[in-house]
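Chain nomenclature is as follows: A, B, C, D and E, assigned in order of appearance, with residue numbering initiated at 1 for each chain independently.
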């Protein structure tokens, strides 16, 4: 079977052929293509390992919501809606500060509980909870398409929705993900790239490998979310964090640009109102 | 979570002490408290360990069962974790009170073990797609005196390392299906290879410093902690940020390095201990029929 | 006709499957203060392979969930029994709040209410938590012994020790301290007494026992309880001798 | 070797320590800041666009964070998206820094202790009356929040003489101040002249008119009902000053009797 | 649950009376309560009354299901207890009372193997009868366990289930409706009963009423069966050994009386029900519900589909509501 990832058609055809013959095992039906084409040094979707997929952000996508935002990172599409403050439901623990609830819906699947808690703890670190005592702030995230790095996109979407709603926050959070295959870093990996790395296989990845997700507060230079799975050396992890910081600043530039555009709109509406 | 309430002055005292590298019990920031591991605490399991680190006291027991492998990993065995917080540790754990803490710990453990290639799960497979071993690792928290996650991770590693997995001597075909055959000899068993298994080093930040092996009092001084899984070769297997604290990039990097350094030492001590325990187990091979256990002196 | 086994041969010489004589207890080890600084009182009680740990918290303020109906002149005694998932040979996936442990919890509470001097700390609560680590017969009796020791360790004023043991009648011989292997073949009567007055405070029966034999089995159990009391008392004495020495 | 890395780490951490937002470690301020360091007053450019997290200026006795800004360490930061605005209070030598969007979208508001809120009376008992908070200051809430007014908090004086029945009616609109948080609810007080019943509807269905501190009258039927009547103050800064006074000097908060 | 408030004079009356051998309701201290047992129209329903004023209803039912993994060769047996608030006159806030009764019944009938569960097995590891007894406490005046045990025993003794077997040739499960076959009765190894006593300073009060239970400090439950074997003991107060032995002796005598009465009543009911043994006509089966085993297997793979298929298998007896059973009971 061909291992060349550029000729995807061929792979598909041979798959079909093999299936007809009924001889292939399930493991070899979909061979995992290499992360980088050795000839061109480009990834499957044509970017270099250090490139980020195109990002599109939009705020105020839902009328009537307190705050809403839509973020696209490549094929990952996330919609976030913020509502509140609300009365606490009776069963919830009483608290002198505000409480945040995060609800993540993944279209055609279920977000793992661990990831939901990660996002929740990140939001708790970002929002100034003291400003709304005994009230509940709800953050609804809908991952409309999971094309990889969905936690990072969720953080960006939630951050923008919070900015849109005017909820007091310490800083605008951004997030990004990195994939390490034992040799190189692949920033903002797509779903197929994440799936192609098998972290459980002990024989293959002696040299390590892992997925690192980082949420970042750019102006305060602080990390609000950090999770790593796999196996990496401490030095590698440190350099991974450096490149993640750089990516986060790039993502933040997009968000900042969008915010500036937004503020231009504010000025226009203000002058209209004044007239 | 079992918590202690401290006044602001007490916290202040603790924080300033840590800043001068002298903790309340006289340790420095990178010192562990003394602990103890014993095996075969629970004799009706395939491997059990009671691990104590100062006041934290945990029993880990593994039971091995035959099962069917998962469809997505047909040639791998399964390791499951279940944490139970006994109310003996704290009245807060009465009824279902400890479930939340238990779930968090369970989550971290399974992500550390599942995604880090630390244990060769293929060695737990007998017949691909048909039979594999399912190892149920049950963790019972008897006492919680701080640093629970580290102690549990150490206990799990020691328990898996001393767990006796029956040796299948071959397969036999029954109605066209392969069936594993076990030798009748009770002493035929294998140990799991835990030479790559990680331990977890939890670093809460007290004041501006990270400390290892925090007591409950020190934990109550910090808003968040980093749980870092460290393999014996010093590589990092997982990092989890717990709680709602924020950190700077360099302080995470520094703490990861600190954890790697500490983790290698912990792993080494633990591996030595596991090997010793295995030897002692071999020497005290059980006679049949089993005699009542030799009692210790009444204390 | 059933086959004769080596156990039957042993039985003819009145030797039980694990090598004991009918009136012999298994090895007992007990230890106090195992969870020393955190729990107010704690103890472990091992009899053979049955292992139980107990912790006592209190007296402390009544917890808010029970505060509503609480009479401020009374004292609340709260007991919870739980068994570890690995305690029996068959692994249980979850043990919390099933009928059996709820029954044991409530029985244990009624025993504790009788030995603790009533309402000595009005308006407060005492928690007794018992954890079964391994069950090899006689787990309920071990729970009572462990809880009594933990109460003594906590320094809570008690009227008397509650001590318990299991006993049975098999092949017209009374036996004491049944293990799990024997439990399958004969009745198991858990007998608990107040050590000084010899009054019976606990009676639990598993399987069927001829009413005719009850007196003999009770006598046997009370004898066993006396033996256990000696061991418990010795443990307490040693513990407090040590304390005295450390004070000097 | 180990010591070396420790010392480098400690110096690195020292710089950052004061701006770490989340570590809840109590360190007295006097240890961290020297007083003389703070006594200068920079000029602030109003109208500058701000992103959340952006640093605005020093926080000292001349500057205070208002809406859309927060104080942390020795600085004021923006907490919302918008334009920088300042408000001067010459007598106090104080400048309040705030960040406002200015596009007509109301700012984020939630009830807080010290806020003056508008609420609707839901039900009364002898001891308390239950309300729904609809506005905080002049901003409408998206979702109503529950609160209670206890009998003792209706009047400032004669606390034990006041009665719920002669002070509020179900359906009244009441101005009140949040004074605390109990188990489940916000505790509110109407113990100020400017607080109390703002509007009430008579049994005939007309808006009643106040005819004194304790009575309101229906304009059509001339029926009078007992109420704790509020004296409505028209002042755009009133909300801010209420909050300040509440926190700083409670005794100063009382306005002159009319 | 809020503790019940009892007047001090009632307290002293009951306590003082007990010491002098005088009881509420003019019973002697060792005199047991009169039991009345009646049977419902449907199979396996029984109501037991202990005069004055404790009334418990029990209904046995059976369905076909999968046996548990640990006991593949046996049927299953569950007991559930419902205490209606109308019976207690108070809100049953906690589940303590029903669960205590259920535990007692479980110990006596299930753990002591009163019912022959092996005979409930249809196909090893795959199909078995799942027996279920629902116990409803209708009126409450002390001695709940005694009455409940009697009602359960009555229900089990009069219960009949249809025949179910595996057709050897086609490997199909065949369930014959009650009208078309000789119904099968349950096989009980022994017949247990419970007697309760109240304890008050060296005095035993047999089968106390509600006031006596509430006021007197201790309670003793003695479970005993028709072959004079103890099957349950429960104690909540310290007791002298002699007193205990006396109690078991009293219980043994009373138990035999009560069981004899029950047996007589059961015989009566059975003769009333007696129908000529149905002879199966030659040729193809007319009304038997037939379902191939393979169909059952495929449906049991999918857990959510499992239940309806079993309901379809034996709709005649899984009916939980009594009315339906009565309609169907053509006998």
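Here is the rule we use: contacts are C-beta pairs under 8 Å (C-beta built on N, C-alpha and C of every residue); 3 or more make two chains touch, one makes a residue touch a chain.
Which chain is which protein? Per UniProt: A, C = Exoribonuclease phosphorolytic domain-containing protein; B = Ribosomal RNA-processing protein 42; D = Exosome complex component N-terminal domain-containing protein; E = Exosome complex component RRP45.
Just so it is clear, the model here is predicted, and its values are computed rather than measured.
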(message) Using the contact definition given at the top, which chains are in touch with both chain B and chain D?
(response) A
(request) Determine the chain that sits nearest the middle of the structure, using the mean of its CA atoms as its centre. (result) B
(message) For the interfaces C-E and B-C, which has the higher count of C-beta pairs in contact?
(response) B-C
(request) Please indicate which chain is farthest from chain D, where distance is taken between mean Cα coordinates of the chains. (result) E
(message) Using Cα averages as centroids, what's the distance between chain D and chain E in whole Å?
(response) 65
(message) So the centre of each chain is just the mean of its C-alpha atoms; given that, what is the distance between chain B and chain C in Å?
(response) 30
(request) Provide the C-alpha centroid distance between chain A and chain C, rounded to the nearest whole angstrom. (result) 55
(request) Identify all positions of chain B at which a residue touches two or more other chains, and write them in rising order. (result) 244-246, 248, 257
(message) Where in chain A do residues touch two or more of the other chains?
(response) 125, 170, 217, 220, 222
(message) Residues touching two or more other chains, restricted to chain E: which are they?
(response) none
(request) Note which residues of chain D are touching chain A in the complex, please. (result) 19-22, 49, 51-55, 68, 70, 72, 77, 79-83, 101-108, 110-113, 141-146, 181, 183-184, 186
(request) Give every residue of chain E touching chain C within the complex, in rising order. (result) 1-3, 70, 96, 99-100, 102-103, 106-107, 111-112, 190, 220, 223-225, 228-241, 244-245, 248-249, 252
(message) For a test of understanding, state which residues of chain A touch chain D in their complex under the given definition.
(response) 66, 83-88, 90, 94, 96, 98, 125, 128, 131-135, 162-172, 217-220, 222, 256, 259-260, 262-263, 265-267, 269-270, 273
(message) Considering only the defined contacts, which chain B positions touch chain A in the complex?
(response) 73, 76, 103-104, 107, 111, 114-122, 196, 226, 231, 234-249, 252-253, 256-257, 259-260
(request) In the complex, go through chain B and note every residue touching chain C. (result) 2, 41-45, 48, 55, 57, 59, 61, 63, 65, 82, 84, 86-91, 94-96, 136, 138, 140, 142-145, 289-299
